[in-house]
Amino acid sequence: MSAWLLLIAWVWPLLLVWPASGVRFRQDWGTAASALSPRPSALPWVALGPVPALAAALLVPVGTELPLPWLFLGTHLALDATAQVYLAFTALVWLAAGVYAALGERGGPPEAPTARSGRFDVLFLLSMAGNFWLIVGADLFSFYAGFAMMGIAAYGLVVHDGSPSALWAGKVYLVMALLGEVALFAGLVMLASETGTTRPGTGEVTALSNATIALLLLGLGVKAGLVPLHLWLPLAHPAAPVPASAVLSGTMIKVALLGWLRFLPVGELALPGWGHWLALAGLGTMTLALPVGLVQRDPKVILAYSSIAKMGLMMTVLGLVLVEPALAPMGVAGIVFYAAQHGLAKGGLFLGVGLRKHAGPAGSMTQALILGVLVFLALALAGAPFTSGAAAKYDLKPVLDAAEWTWIGAVIAVTAVGTVLLMARFIWVSWRLQPHAEPDWLWPVAAWGLLAALVALFPFAIAFGKPEAWLSNGLPLGIGVGIAAAVALIAALQPKLFAPFVGLIPPGDLLALVMPLLRAVKAMGEVFLEDLGRVWGRLKGIALAAFERVFGTPAGDVERELRQWPVAGALWVGISALLLLLLLGAQAPGGG
Amino acid sequence: MLTAQFLYGGAGLVLFALGLWSFLVHEPLLRKIIALNITGAGVFHVLIAIAYRGDVAPPDPVPHALVLTGIVVAVSATALALMLGARLQDAEEEDRRR
Amino acid sequence: MTSMTRARRAARSAERNRDLSLLVAVLLALLGAALTVVYFMALQAGAAPRLADLAYERLPGTGVQNPVTAVLLNYRAYDTLMELAVLLAALLGIWSLGPAAPGFQRSGAVLAGMVSWVVPLLIVTGGYLLWVGGYAPGGAFQAGALLGAAGVIVRLAGDPRAGLPGEAAQRWLLVAGVLVFTLVGLGLMVFGAGFLTYPPKIAKWLILAIEMAATVAIGVALAAAYVGGRPPGPQARPTAEDEDALSATEPAAENTPAPSP
Amino acid sequence: MTDPLVLCIALPLVGAMLVTALPRWSVRLGIVSALATAGAAVALTAAVWQQGTLHLILGGWDAQLAIALRADGLATALVLMANLVGLGISVYATGYFHDRLRVRSFWPLWLLLWAALNGLFLAGDLFNLYVMLELLGIAAAALGALTGNRDAVAANLRYLLVGLLGSISYLLGVALLYTAHGTLDLGLLAQRIAAAPELFAVNAAAMALMVAGLALKAALFPLHFWLPPAHANAPAPVSAALSALVVKAAFYLILRLWLDLFWPITGMAAAMLPALLGAVAVLWGSWRALRAERLKLLAAYSTVAQIGYLFLFLPLLTATPPGPARDDLLAALLLMAVTHGFAKAGFFLAAGLVQTNAGHDRIDDLGGTAQRLPATTFAIALSGSALIGLPPSGSFIGKWLLMQGAIATGQWWWVIVVTTGSLLASAYVFRVLSRAFGLEPTPLKFITDARAEVPALTLALISVAVLGLASGPLWTLLGLSAAGSGTGGGV
Amino acid sequence: MSWDYAALLPGAIVLSSLLPGVFIFLVREESHTLRTVLNLVGAIAKLVLVGLMIYGVWLGQVFETRIAIAPGLTLVLNADALSVLFVTLSTVLWLVTTVYAIGYLEHSTNRSRFFGFFSLCVSATVGIALSGNLLTFVIFYEILTLATYPLVAHRGTPEATRGAKIYLAYTLSGGLLLLVGAVWLRTLTGPVDFVEGGMLGGLSPDLHGQLVAIFAVLLAGLGVKAALVPLHGWLPQSMVAPAPVSSLLHAVAVVKAGAFGIVRVVYDVYGVTLASQLGLLTVLGVLASFTIVYGSILAMTQDGLKKRLAYSTVSQVSYIALGTSLLGPVATVGGLVHLVHQGIMKITLFFCAGNYAETLGVANVSQMDGVGRRMPLTTLAFTVGALGMIGIPPIAGFVSKWYLGLGGVEAGQHWVLVILATSTLLNAGYFLPILYRAWFRPLPASWPKEHHFHTRFETMGALLWPPVITAVFCLLAGLLASAPFSPLEWARLIAEREYGL
């Protein structure tokens, strides 16, 4: 019976869409300014959304399958170990964000009194449903459907507050998401064609062409923030309202990894070329994201870059696993757990930023507590010993060590230092935030606290018997904290020294380079089209003029001449004679 | 016998051609109507010519009957054409007066 | 300006018509020549007796002795029937064009005297020709033509109706030919002989009856045609009780004006 | 014993006499005659359907001496068409003419015309055909001038003269044939012509004279010059009769001569001439119709074009060996002629209604009227689609088989003519119809004047629905094997 | 020829809308109830009859009506799987559209004329669907042109007249070409019956040149209605028609007739193998691809909502042709299923566009700010339709795209994926801004021309529920794509039969 939970997990949020939308049918329809309720529903529907999913993650045994051949293009819901972990942390992050959204986001800024409306809740639930669906769906249709549903609905979350920056971020997000989706679509089509199955990941994904792999990497790479496909990420995550940012960074970008794990022949086939390429891309992602993140002002942007960097780390590991299939069992588990811990921590961080902004007045006990938890979460993210970060990273170690590139460990270490610095920067910025106190923060704080607690418990859950795991990663942390302290000291003494660096690179980094290029292409296209239009217009003008000349002039009676008897008579006699000649001519020579 | 038929009928053909020519070339209605009657007369000549079977045998009555019928038809048509012409003339005069 | 162009166009058209006239002449000359040759060939074709022998052979059964009348009213009676219809159609067409022009002025005494002599003579001659048509040249057409000529003379003498009766009677006289002809034909058909198939015994009388009706019809038609329009007289005036029931139901809405009298 | 063959001719004749003699009763007598005549035509059709070709020698004499009436499938189909159309025109005319004098002139002439039509279709004798042609021409010209206005009189005087010219030319041809072959009976003459190939020059000359004379009457381009003014200026019921029936009669005669009488001496070259002229007629007539300013002029030019189509069949018939394919062509030719008869009559009747309602028939100013009279506009639309040759009209099937024949005989260029003509036809038909969709007030009911609209609508409907969906009987009537062309399939 | 149930049913299906249509012409303008009853009786009767037919076809019964209109020329109406697909689509959507039109034209004029032609139009469409040979197809194809012309011109404004004229010029020319092609083909083969797998396979190779030429002529004829570039010019112009007409034109009747014809010609006349051998499929594929991209690009430049939708149709309908042009059953499924999917999605969109125009006076995209708040259900339906068009799963459009893409890859034509991707992006480019405006922009101070219907809902019920219902269809067609009797399953059935699997 519990198998049906797999279905309910993602159908349930969809069912909540209607009550959450706040649409009311009234007699005075149309006379009111808006048919949609300006306020969200009084009941916390969005918070209830993830409950079945969480239940499924906890209650449904691994290996459960629920084939629904009539649904969509043949749906096959299943829960394997990876999916279970994914479902668990995803549901948790959504739950926390949902509670935050439903019970925390009241009012909003004065210029936009309907900050959270029925619309937000609807889109939130849709994204949520998509996210769950793609996790529990073992067939690629479910994955793609959930992926698309999640991606499209998330656009609404990104642009929710309607500010120009949000709209811009939304545009970039949407364009890139769509690009990713079509690439993924193409990749999946080819995958289906080449493997002959729509349910890969069970030993059938073996014979993939390079194009397929490239398309899959590209398509999901956008979601994953693979440099240079990450452009949307630092724009969109900060622009979205806090709960949306939390799920965007905490869960949504993770699905790219899930997709790769499912669709690429992980552990089955050695793909040295693609593996190395992916590993390098991951490293590149990390090395780009960390420095750029360091110079940002907005804590959410910093968190976004941190997410990019972490995704880079996981991509690197995945790449290495692709190179050496033997590493797969360990690598996959590592990636999954790392994703889970990062999801929880990053979700917590984003929510924390929101709480830092609104929960309680500055200097209050609450704020102090919040700041404290933020520091803990930041440490977790940076992989400090005893935190989930360290435990998760420990699982990645063997893979990194086994890599044929010996220098990779050093690079990872450097990036670990970078991460620490980035987190330090984050704490620094957060600390300096000026909170605007708003009422009713009890439930969000509680939910957030739960998330933080889970992060704290994480290492015990996954590495209970491996205390060495808790202690790992101390060195980079030390170096990082050291550097951070030094920088902080210098900054305190010489505030001007670092000022030029802050905000040096705008969020979305490479976008600044791409945009002029796009504009130039557009301008050229316009010029070309204009010329084309002019030529077309002229041709049309000529045709119209000719038409007018013929039909504009009165028809007159052109047969007047024909009715002149000599004319008509000559024609008649001529035709008679011709007919006679033709008749005679046909007969005469042959004698008929 | 053949010669007589040929000469008489040939004359009819000449009349036919002349009548046609006059009909097609001359504008006035009356001339046209007369020309048509001449054309008709030409055809009747041909018919009468072939009715002739020499001085001993009585002529073929069929072409004669045809000619009689043809004449009545021609008269009728001529009458109507003349009246139409007259009516047209009236109308044109009316137009001119207006 | 426009008149100048019109004049120039007229001149051009006249010139062209002249050229075309020449062309027509040449073509017709050639056609005439060709036809003459063809006609010669046709004469030589050897069809010489054509229908003559047969017509004479069957003559005894026709009810008349004159072969031409036999052809007209027996062998090819159908043609003759239709030809009467042609005449009637032409007259109806003439009538449809409007009322007759007023007649000529009353004749003087001399002419009137001559008319009073000639007309009866013509009528009597017509009657004779009709009768004689049975066995000698003559017949309904000739007789009708004489009657028509009488009408013409009367009209010339100043009677606007050409001596014909009023319109209603005229109508009956006009249709008499075709009506009798057709009814005889149909009657024969009903009685089993076939349309216009005269039983030899009564053929003579049937033909005579038809011929008489035809003579009257032809004479009246020719005379009426000469009058050149609907007969003048009181009946031509529309009166209230004369209105046709069907045509009175709706107001006149035709776009063209009725022919002015 | 009553013979429908005779009744078809005698009844309208008697009717004409009665309406002439009893002018006060002309409408009532006229409509009774029309009904009786149409009934006779139906009876004739039934008889031919059952017994095949009917043949009747009037007077009971030898075939050559007397006049024969003959009703084969071709003639019967045209008679049936003419009489049904005639009936429709008659019903329509009861409501059309309001001037008493005109009512009295119309009915006798119309019934005479009708008799002449039936007589012409059923005649089996060359000279009798001449008489019929003259009766037809005189009655038609007289009817055409019935409105009495100047244009009408001038146009119909021209028409009369053209008709006389054509008849005389025809008569000389008859005289030549009689000279050479000594008979006037169509059947006998056909045998003799076939038996005397050495006389081909005589036959050719006769044929040239007769066909050229008839081509004048049939308004084959460029000899159509008289038609547009004559048909456009006549009263609507007369226009309908002239365009739908009278012109068709002349064409019928050409076809008869061509196929029955002179078939042995005609060749491809001779057939190409009328077909080429027909092709030009299709294009020119349609173009002029498109450019016409008045509705009835449009219809008249459309007739020019439609007659052109019929001539396109001649080279195809020549090139196709006897067999099902040729049968199909013949039937298609007939189908097109018949469809055009119904459609054009419906069109003219409807156009007359529009004219009566609007007080004019300038196409550009017809908007409101066309919209006020839905049934009339519908009739124009239906007959218009038959003129274009859209399915499911009879002319669609006709054009289909025409094109099929053209492609099959390798004369593909006619396909271009047909398609271009159809396009132009759609342009002129829809030029009218587009006026019906304006912003004028909405009509509240479909039919406003049943006596006038129902005949128009019925005729149009026959041309579209009946002939387009059930043309099979035509094949049966023609006595052709209904197996259809080509490779088996079909039914 | 036996006149039993199986022989009568296809004819009865055509007549079930034809007869009410004829009677509707005669209904007096003010008899609203009588007209509505006639309309609905016809629509429901047709639905019931189609239901019977589906059941029968499922049981393997053969339905065929044959009427000889002339010797050798036979009107054949029969029900194979392909016709059932199209017939069902037409019938269901006709019912919905009738309801919609009754509401839409509540206070308009000339309703008897409108509904009369409306019924004729559907009869013709159903006739096309059931056509069993090329002749029948041509006949109904032309009738369709004639029946839709008055609908396009219905409004009577100068633009309407002009649009109708352009429509007519295109479609009649196309019809003539089709006619020529059909006649030509017939001279080669005799009656051209639609036979699964094609009927020209056995023809001698000498005739292949002619067959190619005929295909070009037929394609030009069908391409007009299917709006293949460059023959698409009429479609945007005919947008002057009332919304129900546009809906029907775009979703069911006209464009589908063209697309359906292409499918028929390729599969059931030429046979896909022969068509592929002759290289015809490549031509078709290139044309379709070009149309897909070109239509989308033009759609992006339109501000008029209906015009944008019209260009979208130009683009989307060519998916069907694209599917047809790819060798292999999978692509066939994609093309065929899109016949239905495009229909329900596009009709939803047009209904919504009509609602905006009728309720708010909104006709341009630039006026659509905030309509989602004023008319949430309509906009929701629009959103479903638009996302479906883009190909967002699990809405119907994705299913088509998937099969097309997969079919292209299976056929070794990987470029299809590029076309699909481009099209998806372009579709998103012109649909998403609308959705953005509708949902995310604030309401304007006032609407261009607002009507209050005094109902509990955003607009009149007859206007509101049809798009909602069709939107639900769009969702169900996607979500239940693999359920029995779904469009996809039918399309699979057809493909299996065409390829003899």
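As written, the chains take the letters A, B, C, D and E, and residue 1 is the first residue of each chain.
Operating definition for what follows: a contact is a pair of C-beta atoms (placed from the backbone, for glycine too) under 8 Å apart; a residue touches a chain by one contact, two chains touch by 3 or more.
Heads up on the chains, UniProt names are B = Na+/H+ antiporter subunit C; D = Oxidoreductase; E = Proton-conducting membrane transporter.
Source: prediction; values computed, not measured.
Q: In contact with chain B and with chain E at once: which chains are those? Just list them.
A: In this structure, the chains that contact chain E and also chain B are A, D.
Q: If each step moves to a chain the current one touches, what is the fewest number of steps from chain B to chain D?
A: When the steps are counted carefully, the minimum from chain B to chain D is 1.
Q: Fewest touch steps from chain C to chain E?
A: Counted as steps through touching chains, the separation is 2.
Q: State the pair of chains with the top count of C-beta pairs in contact.
A: C-D
Q: Report the chain ID whose CA centroid sits closest to the centroid of the full protein CA set.
A: E
Q: Distance from the CA centroid of chain A to that of chain C, rounded to the nearest Å?
A: So the centre of chain A lies 101 Å away from the centre of chain C.
Q: Measure off the straight-line distance from the CA centroid of chain B to the CA centroid of chain C, and report it in whole Å.
A: Spacing between the chain centres: roughly 15 Å.
Q: Rounded to the nearest whole Å, what is the centre-to-centre distance of chain C and chain D, using the mean of the C-alpha atoms as each centre?
A: 27
Q: Would you mind listing the residues of chain E that make contact with two or more other chains?
A: none
Q: When you check chain A against every other chain, which residues touch at least two of them?
A: Each of 566, 568-570, 572-573, 576-577, 580 in chain A touches at least two other chains.
Q: Which chain C residues touch at least two other chains?
A: 17, 21, 24, 28, 31, 34-35, 39, 43, 48-51, 55, 75-76, 79, 83, 86, 89-90, 93-94, 97-98, 259
Q: Run through the chains and report each pair that touches.
A: Touching chain pairs, listed by label, are A-B, A-C, A-D, A-E, B-C, B-D, C-D, D-E.
Q: Under the definition above, what is the set of chain C residues touching chain D in their complex?
A: 34-35, 37-39, 41-43, 45, 47-51, 54-55, 58, 74-79, 81-83, 85-86, 88-90, 92-98, 171-172, 174-175, 178-179, 182-183, 185-186, 189-190, 192-198, 230, 238, 242-247, 250-259
Q: Across the complex, what residues on chain D touch chain A?
A: My answer: residues 158, 165, 169, 197, 200-201, 204-205, 207-209, 211-212, 215-216, 222-223, 225-226, 228-229, 264-270, 272-274, 277, 288, 291-293.
Q: Mind listing the chain C positions that touch chain B in their complex?
A: Listed in rising order, the residues are 17, 21, 24-25, 28-29, 31-32, 35-36, 39-40, 43-44, 48-52, 55-56, 67-68, 70-72, 75-76, 79-80, 83-84, 86-87, 89-91, 93-94, 97-98, 141, 218, 222, 225, 228-229, 259-260.
Q: Along chain D, where are the residues that touch chain C in the complex?
A: My answer: residues 1-3, 6, 10, 13-14, 16-18, 20-24, 26-28, 56, 58-62, 64-67, 94-95, 97-103, 105-106, 108-109, 112, 115-116, 119, 127-128, 131-132, 134-135, 138-139, 141-143, 145-149, 152-153, 172, 176, 178-183, 196, 199, 201-202, 205, 235, 355-356, 359-360.
Q: Quick check on the complex: what are the chain D residues that touch chain B?
A: Residues 65, 127, 130-131, 134, 137-138, 141-142, 145, 148-150, 153-154, 156-157, 160-161, 164-165, 168, 171-172, 175-176, 178-179, 184 of chain D touch chain B in their complex.
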